[in-house]
Amino acid sequence: MGGLLAYIARRAAVAVPTLLVVSFVVFGLQLLLPGDPALALAGEDRDPEVIAYMRRLYHLDEPIWMQYGEWVFRVVRGDLGESIRLKETVGGLVATKLWVTAQLAVLSMLWAVAIGVPAGIVSAVKRDTLWDWSASAIGLAGLSIPNFWLGIMMILLFSVQLGWLPASGYVSPFEDPVGNLAALAMPSFVLGSGIAAVLMRHTRSAMLTVLNADYVRTARAKGLREKRVVRRHALRNALVPVVTLGAIQLGELLGGAVLTEQVFSIPGFGKLIVDAVFNRDYAVVQGVVLTTALLFILLNLAADLLYFLVNPRMRG
Amino acid sequence: MKRLIALAVAATLAAGAAAAQTTLRIGLAEDPDVMDPTTARTFVGRIVFAAVCDKLLDTDKDLNLVPQLATQWKWSDDQKSLTLTLRPNVKFHDGEPMDAAAVKYSLERHLKFPGSRRKGEISQIKAITVIDPLTVRLDLSVPFAPLIAQLTDRAGMIVSPKAAEAMGDKFGSAPVCAGPYRWVERVQQDRIVVERFADYWDKGAVAFDRIVYLPITDATVRLANLQSGQIDMVERVAATDVDTVRKNSRLHLAQVTELGYLGITFNIANGDKAKTPLARDPRVRQAIAAAIDREALNQVVFEGRFNPGNQWVSPQSPWYAKSVPVPKRDVAKAKALLQAAGVPNLSFTLNVPSGNENAQVVQVLQAMLQEAGIDMKLRTLEFATSLQMATKGDFEAYFIGWSGRVDPDGNIWTFVSCEAAQNDSKYCNPELDKWLKEARSTNDRERRMAAYEQAVKVAAQDVPIIYLYHRTWFYGLSGRLQGFRPVPDGLIRIQGLKLG
Amino acid sequence: MTAVVAAAVAAAPRDRWRAWRRLRRRPAAMVGLVVVAAFVALALAAPWIAPYDPLKTNFLLVRKPPSGLHWMGTDEIGRDVLSRVLWGARASLLAGVVSVAIALAVGVPLGLLSGYVRGWVDGLLMRITDGLLACPALILAIAMAAFLGPSLTNAMIAIGITATPIFIRLTRGQVLAVVVEDYVEAARALGNPHLRIAVRHVLPNVLPPILVQATLAMASAIIAEAALSFLGLGQQPPAPSWGSMLNIARNFIGQAPWMSWWPGLAIVTVVLAFNLLGDGLRDAFDPREG
């Protein structure tokens, strides 16, 4: 157990410089992005007085290192600042949006697992047959279709033509659980279909490794039927790396749902940040990227811990 | 699901059984900004304000001023003071009375609030005097005819002084006004919900219990929501989607020509980019204008559904100078003008804010100019960047529009008059300034029109801006929705809307 | 001693021919390879085989469905969709190739350096890589493309930079595994200079997984170009790329669906082909499947 704690401590220590790099990246972008936020926010009227006022109000007239210092000082106290455009605290925005995107991410993972894991198993067990190749092709097709394109096609089919699902939007699960699932069904499928391919690949290769492993061979030699071998021995062990991979993919989903949220008008993280980039709403860009990075690091840590716990060899 | 049921129930009980909640769901093309009348800036925000904040005056489809919170208005003989008579017994959403003191408070807030975007619109107001609880007088520093039209927009929105004082700069997160609907909630980038205000002064005109505004940026997806019955009304249907709405028996279409315009602004004297024949010689700009076929542009990109134009107001506007009609394309004339100006092989770069519709328009223009021997290069920029470059003078020509104002002064003054704030061209012609000033200084409609006619003629010679077209606002409505009256300002007025 | 070293150094490359033979046995991968080759050929031949000028507008033929004259129909301002798809192949494939080339050119040397030199250089590079990997890639690409200004070149740079950290990581990991191998130890024992060891002995042996990753990255880069185009940050008018064609076409999905069929189909086909090829390569190089 001491080994575990030491491991966590070591990983946490490494996360600090990583976050520092993230903060440099975020501020570097702010330094480089053309387009003055005050001007972007002034709108078509561009009243010079308003622009000057906004500059003062949001310290845009200060040198970048001062802005960075102030930001770090606030962030370590848990204050992510205020959105220039939406006039709300970034912390509050992040919390509400994260909740929406998290639901989307979890549902997407469900789709991905439902498609990717069986396809990977079939493909490994029936290796180098037509089954293998078609499972691969279907899995990879999901990865090969641009998300926004698949999304619009699905809206046209399932909402306009068939009228089965709402075309876009988001409903809170507390308000209307069925409506929530209906609204997120298509976007989560679109996102999940891409991840399914990744899960499929890993399931397949993990299964292949395990199927060749000694204990599975032993089980086979003992005369167990193939189905039982697959289910009892191979699958359980093969799923370990798949689960850890899933945690990492979940982290990527949090930041990767950008276009899908845009197409389906889902008020999540992706939509928040795209609007923020185009409107030069730096506080929001910084807050969202920082949060995403933090979550990404935490999920990676969780994945490693999971791996660590189930795979004693790593403890050495 | 809930909303479908609500709508269905509403339809069955339309006769007026008040038991059911009726909800109107409106799809917006963008996410509104801060909902404080003093600091708000977006067009889409004004659509929501139309339900929440009444204005001193309103405008009808012919751009006439009509009463709203003020019932009468009168200019003094020297045109320097405006007396408004207010509607009696009007209440704000928080129960406070809407009176002369509240009007004074709101206007002063517009003038003094830090970061106010209204200040520039009504800066000619020198003093606001409460004469009695229902009469207020505005004294101006100079005669300024366009002022009254500003009172039909956000500058004319009256807010509850008590709420505004209490909330300060957070007023925009839950505005308290005297409109037909009161604020319920907003989920950023998702929805704005308002509910019927029981004490509204004109409550007979209001049929729905609730309105939900949903920003859906993709036009295809917005229309898909309307088609599938998820929402009852959408604004800004694409011109190319008009047939889809018309052919659908469960939908209908409403339309009106906008107040604004789209055009090409030239850099005349702003920095190094203005040291070209394009900037120095009006004949070169005239040639470009002559090489453009506005009608064909409209046909190709907008299926003929927008409005070709050549002035800062559309040909449908009462302020359009009919003596200067939209010119026909004349490639020979264009070539002759270029020859005369000594640049037969003109080449220049057009800055274009990114966006699909923009891209289509400028590509068509590029092809048209090519036929006149003009090489127009396209430089696509993000909107925020393009604005900054315009201000800095880092452009030769800029494809940019204006959302339009009720008074024509708002469409021209700030872009071309010598000292104006948004004159990115640094164009300056004292003669044009003279006519524009004259039009500002009087409330005599005939005199104003005559001055604008002269101004149009000067601008047509100098061509600091080539006006190309005026959009048509298209609205898609559920077949059951009735009583919608579109107005050129593009807003959705809830008054009169009902389920048929 | 010398003979042993020579044998060890020579042993490594033989694997690659075995990999090629294994790859040929995977029909899916071969289909991928053929499709990719076919698209590259079409892109290169575009000036000769495209029936029309891809920029030539015809205002009388706006959004016409496929016909004998225009096999894939015409677009929103009357240009031939087939010609644009062919020319667009250049932009889209270029987006894949150039951005991956950028990622390789930056990522592989840094990874090599990090894994071979170790020490504080490694520590620093790895923290930077971690930080970049933790930032959402598409968002970084969007911000960078916005910073550089919307154009195909800038989109390629943005995609390339965001793809770089993966290559640093991958190369470093492989290097760490390879430097302890006998033939590297042997080369070192013979007193070869470090640079020579790194380039001559280590690099060739870490290439296979990098090649796999590069193929797969090509697929994601083409998708990423389409994604940036969707936000108006990719190829700019009037020049075509599949992504920008698709972006325009989505406005006309109801009235002119053919405008989106062909670029959409082209993207899916070529990306799928890259993915199949990459997948096949991975299996072919994978020692676990001997």
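Labels A, B and C are assigned to the chains in the order they are written; within every chain, residues are numbered from 1.
Note that a contact is a pair of C-beta atoms (placed from the backbone, for glycine too) under 8 Å apart; a residue touches a chain by one contact, two chains touch by 3 or more.
Since this is a predicted model, take the numbers as computed values, not measurements.
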Inset, instruction - Would you identify the shape of the chain contact graph, picking one of line, ring, star, complete or other? - result: complete
Legend entry - By mean Cα position, the chain sitting nearest the middle: A
Inset, instruction - Look at all chain centres (mean of CA atoms) and spot the one farthest from the centre of chain A. - result: B
Legend entry - Contact-richer chain pair [B-C vs A-C]: A-C
Inset, instruction - Using mean C-alpha positions as chain centres, tell me how far chain A is from chain B in Å, no decimals. - result: 39
Inset, instruction - Go ahead and note the Å separation of the Cα centroids belonging to chain B and chain C. - result: 46
Inset, instruction - Averaging only over C-alpha atoms, locate the centres of chain A and chain C and give their separation in whole Å. - result: 22
Inset, instruction - For chain A, jot down the residues that touch at least 2 other chains. - result: 34-35, 152, 156, 262, 278
Legend entry - Per-residue multi-chain contacts in chain B, two or more chains: 218, 220, 382, 385
Legend entry - Sites on chain C at which at least two other chains make contact: 146, 149, 250, 253-254
Inset, instruction - Could you pull out which chain A residues touch chain C in their complex? - result: 14, 17-22, 24-26, 29, 32-35, 128, 133, 136-137, 140-141, 143-149, 152, 156, 197, 201, 205, 208-209, 212, 252, 254-256, 258-259, 262, 273-274, 277-278, 285, 288-289, 292-294, 296-297
Legend entry - chain A contact footprint on chain C (complex, rising order): 25-28, 127-128, 130-140, 142-144, 146-147, 149, 219, 223, 226-227, 230-231, 243, 246, 250, 253-254, 260, 264, 267-268, 271-272, 275-276, 279, 282, 286, 288-289
Inset, instruction - Under the touch definition given earlier, write down the residues of chain B that touch chain A in their complex. - result: 1-2, 31, 33-34, 41-42, 114-117, 119-120, 169-170, 172-173, 187-190, 214-218, 220-221, 224-225, 227-230, 382-385, 387-388, 391, 402-403, 421-422
Legend entry - chain B partner contacts - residues on chain C that touch it in the complex: 57, 59, 62, 76-78, 146, 149-151, 232-233, 236-238, 247-248, 250-255
Inset, instruction - Show which residues of chain A lie in contact with chain B when the two form their complex. - result: 34-37, 39-50, 53-54, 57, 85-88, 93, 96-97, 152, 155-156, 159-160, 163, 166-170, 176, 178-179, 182, 262-265, 267, 271-272, 275, 278-280
